[in-house]
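Naming follows writing order (A, B, C and D), and every chain is counted from residue 1.
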Amino acid sequence: MFNLIGSAINGVKHALGGLYQVKRGLETVAMHTWREPTTEAYPDKAPELPPHFRGRLALTVNPETGENLCISCRQCERVCPDKCIEITANKSTETNKLELIDFKIDHGLCMFCGLCTEVCPTYCIINTNDFEMADYTRSSLIYDLKKLTLTQEESAYYFAAKEMPLPKPKPAKPAAPAAGAAAAKPAAEAKPTATVSPKPAPESAKAPETTADKPAKEVEKKESPSTDTPSVN
Amino acid sequence: MTIQTKLPEFKTDEMVINLGPQHPATHGVLRLILTLDGEVVKHTEPVLGHLHRAQEWQGQNRTWFQYQALIDRVDYLSGMFTSWALSRAAEVIDGTEVPRRAEFLRVLCAELNRISSHLLWLGTYLIDLGALYGFPFYPFIEREKILTFFEEISGQRMMYNYIRIGGVQRDPKAEWFKKVEEFTKDFPKRVDEWEAIVTENPIFLNRTKGIGVLTKEVAQAYGVTGPTLRASGIDFDLRRFKPYSVYPELKFDVPVYNKDGDTWDRYMARIQEMRQSIEIIKQVLDMIPEGEIMSKKQNAGLRIKAGEGFAAVESPRGILGCYITSNGSDKPYRFRWRNPSFSNLSVLPPLLEERPISDIMAIFGSLDIILPDVDR
Amino acid sequence: MSEENKPADKPEEKPVPAAKPVAPAAPAPEPAPPPSLGTYGKMLKEKGIECTPMALSTGVETIEIAPAQLPAALKFLRESPQAQLDFLVTVSGVDSPDTIDSVYHLWSYTKTDELVIKVRVPKANIPADKLPEVPSIASYWQTADWHERETYDLVGIRYIGHRYLRRILNPWDWEGHPLRRDYKQLVDALNDKNPESFR
Amino acid sequence: MKIDGTVVRGDHFSGNIAEIRKFAVMSLSWLTVIFVAVWGVCWALGIFIPMCLANSSFDFAAILSEVCKALTPIAAVLVFIPINAMFMVLMERRALALFTRRNGPNRVGPDGALQTAADAVKLLLKEDITPTGADALMFTLAPIIFFAPSIFGALPLLAAVTNNHKLFQIVDLPTGIFYVLAASSVPVVGIVMGGWASNNKYSLMGGLRSAAQAISYEIPLVLSLVTICLLAGTLDVVSIAYQQSGGLLNWNILGGGALIGLNKAIAALVSSSGAPFAEVMNAYYPYGWLSFVGAAVLCMCTVILFGVYLIGACAEINRIPFDLPEAESELVSGYNTEYSGIKFAIFFLAEFTNLFIVSTIAVVMFLGSGDCPLPTWLNPLSYPAVYEPLAKALSPVLSVLINDLHLINPPTFWAALWVIFKTYSLIFFAILVRGTLPRFRIDQLMDFGWKRLIPITLVIFVLVAFARGVINFHV
């Protein structure tokens, strides 16, 4: 009998305790009503992204002269884990320097790891804060040189935001001939003999073929990166 | 006339049901082939691999530098730890000395990441238990802040690629540390709030107390690690047991639950771990020295000396290990992940035996499995 | 950091299987002193289990055990009070140049000791279109169950005595073992994504 | 939380007035729309058309007007339910957004007020899929069986919540609550049918769970209501609603009339007219302290009964924390996993309608129906000194509206307003519960129902039966 009463009292205690806890929970949830929403009004208001945000890839230009900074060294192309960068360059006969003809990035493949921006010696390829790239076709995700190149103002903004050292004024001089050459001889581009890697590859480098079944070439490529590429900290 | 005292034998058929791979509560694409008697589970057969992305194969076919960027995907909720495990293994083989500031930054980021991972677990666990609409948002609000911190230093919210072989990628600014400090002050209050809603809630207690009891012996036999193991009463935390990095200099408790090893203990273990992580972060913020953050040049030709090694870190889910055989080239020769989720998941079938179907979610959720970590 | 022992041991040599023509010039290492048996090696030896010391895997005692003696050795290491290596961290398979290894990382829940056990099956001994065979320990050490299945799936080591040796990560009808160095991928994953891509 | 002068979003109790205001405005405008629409249709059908027909010399005028009058309650329900469900869904989403520090739907219409209307259109236009191997007939019937009974079962409530307006008395049912309960136990058949006919194991389990759950929670639910009927001495919802008029102290949630005496005595004390305090007390509580104990017991019992009713009702309509039949994390979506398009819309509609109906039952049976919570002696409007000047000032307008057009019936108007307020408060509470509690497990649910709630209600039933004897309810 006492047992029964005891257990009944226990049960009541248990029930009241449970009710109290439920009340506490309901109260806490209800009190959240008074707090400001944390959602962001995204399409109406663009989010504030940190300067190092890894968004769409782009090529900077010299903020002062507006000339393209890419030296066609192909480090980004080599380091890309997804192989989504393709550089077409030509060795100019007059200056004996590489001229950038086209720069393609397939953003449909890109995983935005930012490795290409880390190896770039001239801070040319960068991650911008743009992330709105949705499109209707895959082919439209392949950005070419024109689409990739930023304006002078944008470049200036990113150079400042990312605290990258501004390019030295020296390469500003050959800008005109390079541009002229690139524009002038699209025909010559048919045989872009000089792949840009320091060592000329045996066959024409249309696109980097699958490296898997070409071990010889792969090894050559692997050995080529010189150790003096800058580390980006 | 006789009175029939015994009921006639009542025979039921068993039902085989596929839980997943597309199911709201399998945290991804786990498939469980359940044999049910009514609602009681008789046999469980997990089918893995729906998310298999050949991470080990990719490790062997990419250079060190490239692969560092990929491994955050192994366990996308705690990318810092996957990076850390890889970096540690490589450093151990290579004999790289990591700068002190980098070590502190690693600990700081890792503990923040541990909190964010546990927060996601907390939210989704309550979803598993049916509190679908209210509570789960609160941990996510806090997690969002942590992700913003990471976004600021690494550039992305989940695929950080921040911890590198030989150091860390970027030195945060002073304001960043200030923000983290504010967060550490604010966070314990939030945990108190959540505990007020959840911990003693009678329905929650009913759903978790005494459910999915994982005994010490079973846990050890299956190689279970992490909070799941510590909730079973085994004090086995790598940060304490085989201290690495600067953990020996930091004071913190390892929450161990000695009683049952049920789902409630696992819940509490994680809640307490978050509080401890906050303590660690506070200390790190005080102790962090100035100095270099990287001792190994990060470039496409990153190479590691020949040798082999195994290094592990205590990830939010347990021991995340990395067994690497290097031959001195710029690619690892053999890359092997030891993932906590893989071992923790293997204990699921014995835990589910003879449990009703509702408990599947309570138990499975409490193990804190993340499927990409299982399938790699 | 005992780094000088890259040497006589195969796995550290070079990755490129014979098919690949170019050999990265691995500098000829100075011969390291032959490794000697550590604590656990001696323990096993007392027990009558043959084990060969190997180059340390980054400071951790590493021994090689003959396949036949593996279950006995692991059982002893797990259960004997002085060894107490009761935590099987992982079972991995490695396709070394000359051998196929099954590697066991043993830890303890009570001590900080570690031990790496390797079971190596020389490739020369493996008949064509047969898998290397290693005894399974899954029947009494449950951790090994899935780990062995995974190793079977990816590296292709047949664990004799495993109750349910099926593919675990790959689909059941997958052909070949992807982590073998001679594995030929039917479709190049890197080039089979976007038909419109320039790749 | 301030960092270098910048405020980090969402971390301080600065208040969320803007969102709360939006929520309130949205609710009030939707309620107005509902109120106006329903009353407009009813007035047109039940009053205006008969009024016009009364003067006509049309042959069937009398019959037609009768038909119109008879159709009024059905029209009221049919107009009310879809609009109400739309509002409730929106309110639920907005309220949950408030609790979880979000904005909620805010795209369609002003501040998202038309979101659910858009959703409804979308659902109706969606392809209606019947899975292969499903029993097509059963599959189609299930939502209808789920939907129909509870609505038409709830018809008797209409008269109660409109203060017995003659338009809404479809038939004078002396066993109103019995009819409501009988009808409300039918929908489970629809769930089981849907679960079985879907040819899906998850659906089947959801359906069976629902059957088990409904059977076990029907009992405490009915017992709690029966106890109220025992106190009221009638099964007629209209009478029960009437009995509770006169303020909070008369309501069934507070002793089911045990405090009527107290109420009247205080009223006597305040107005200092009529019988003196002690006399009234003696008339109602004839056995002295025993009566007071009885009254206290009754108060306690009815409060508990209200709790039991809420729990039982939650379980009956599969709301969280009792949403096992559609437990998302276990059974995907339970019995309605395979439903899409309009059939799913009907299930959805029915769920919210059921929530509204059980809330209305709670209001009618426990919370004084359309009664103002202020006791008459506290309510300023009940004093002629306040009321009469007001009425005089408004009379030119009101007399046209009330007497000529019959557009407003003041008792009905006030009763309906109070019922709406109380009902939606209960619904808001249900939303809060949904935002907080996790789900029961099926066996714990059964345990809780059979081993806790049913014994409690039985004990209370007995206690009430005894305690009732020591109080004089009707003087």
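As a working rule, a contact is a pair of C-beta atoms (placed from the backbone, for glycine too) under 8 Å apart; a residue touches a chain by one contact, two chains touch by 3 or more.
From a predicted model like this one, the values you see are computed outputs, not experimental measurements.
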Subunit D reached from subunit A - shortest hop count over touching chains: 1
Most widely separated chain from subunit B, with each centre as the mean of CA atoms: D
Distance from subunit C to subunit A - Cα centre to Cα centre, in angstrom: 38
Intercentroid distance (Cα basis), subunit D paired with subunit B, Å: 46
Subunit B and subunit C, separation of their C-alpha mean positions in angstrom: 26
Gap in Å, rounded to a whole number, between the CA centres of subunit B and subunit A: 28
Touching two or more other chains - residue numbers and ranges from subunit D: 10-11, 99-102, 435-437
Multi-partner residues of subunit C (at least 2 other chains): 24
Multi-chain contact residues (two or more partners), subunit B: 134-135, 138, 141, 197-198, 201, 203, 329
Parts of subunit A lying in touch with subunit B, wherever the complex brings them together: 17-18, 21-22, 24-25, 28-29, 32, 38, 49-50, 52-54, 75, 78-81, 111-115, 118-119, 127, 212, 222, 225-227, 229-233
Interface residues, subunit A side, partner subunit D - complex: 15, 22, 25-26, 29-30, 32-41
Of all residues in subunit B, those that touch subunit D in their complex: 15, 17, 23-25, 39, 126-135, 137-138, 141, 145, 175, 178-179, 182, 186, 197-198, 201, 203-204, 206-207, 356-362
For the subunit B and subunit A complex, residues of the former touching the latter: 61-63, 65-67, 69-70, 134-135, 138, 141, 144, 151-156, 159, 161, 169-171, 193, 196-198, 200-203, 293-294, 297-301, 329-330
Residue numbers on subunit C that touch subunit B, as the complex places them: 1, 3, 5-6, 11-15, 24, 26, 57-58, 60, 86-90, 92, 94-96, 103, 105, 109, 112, 114, 116, 141-143, 145-147, 150, 154, 167-171, 178-179
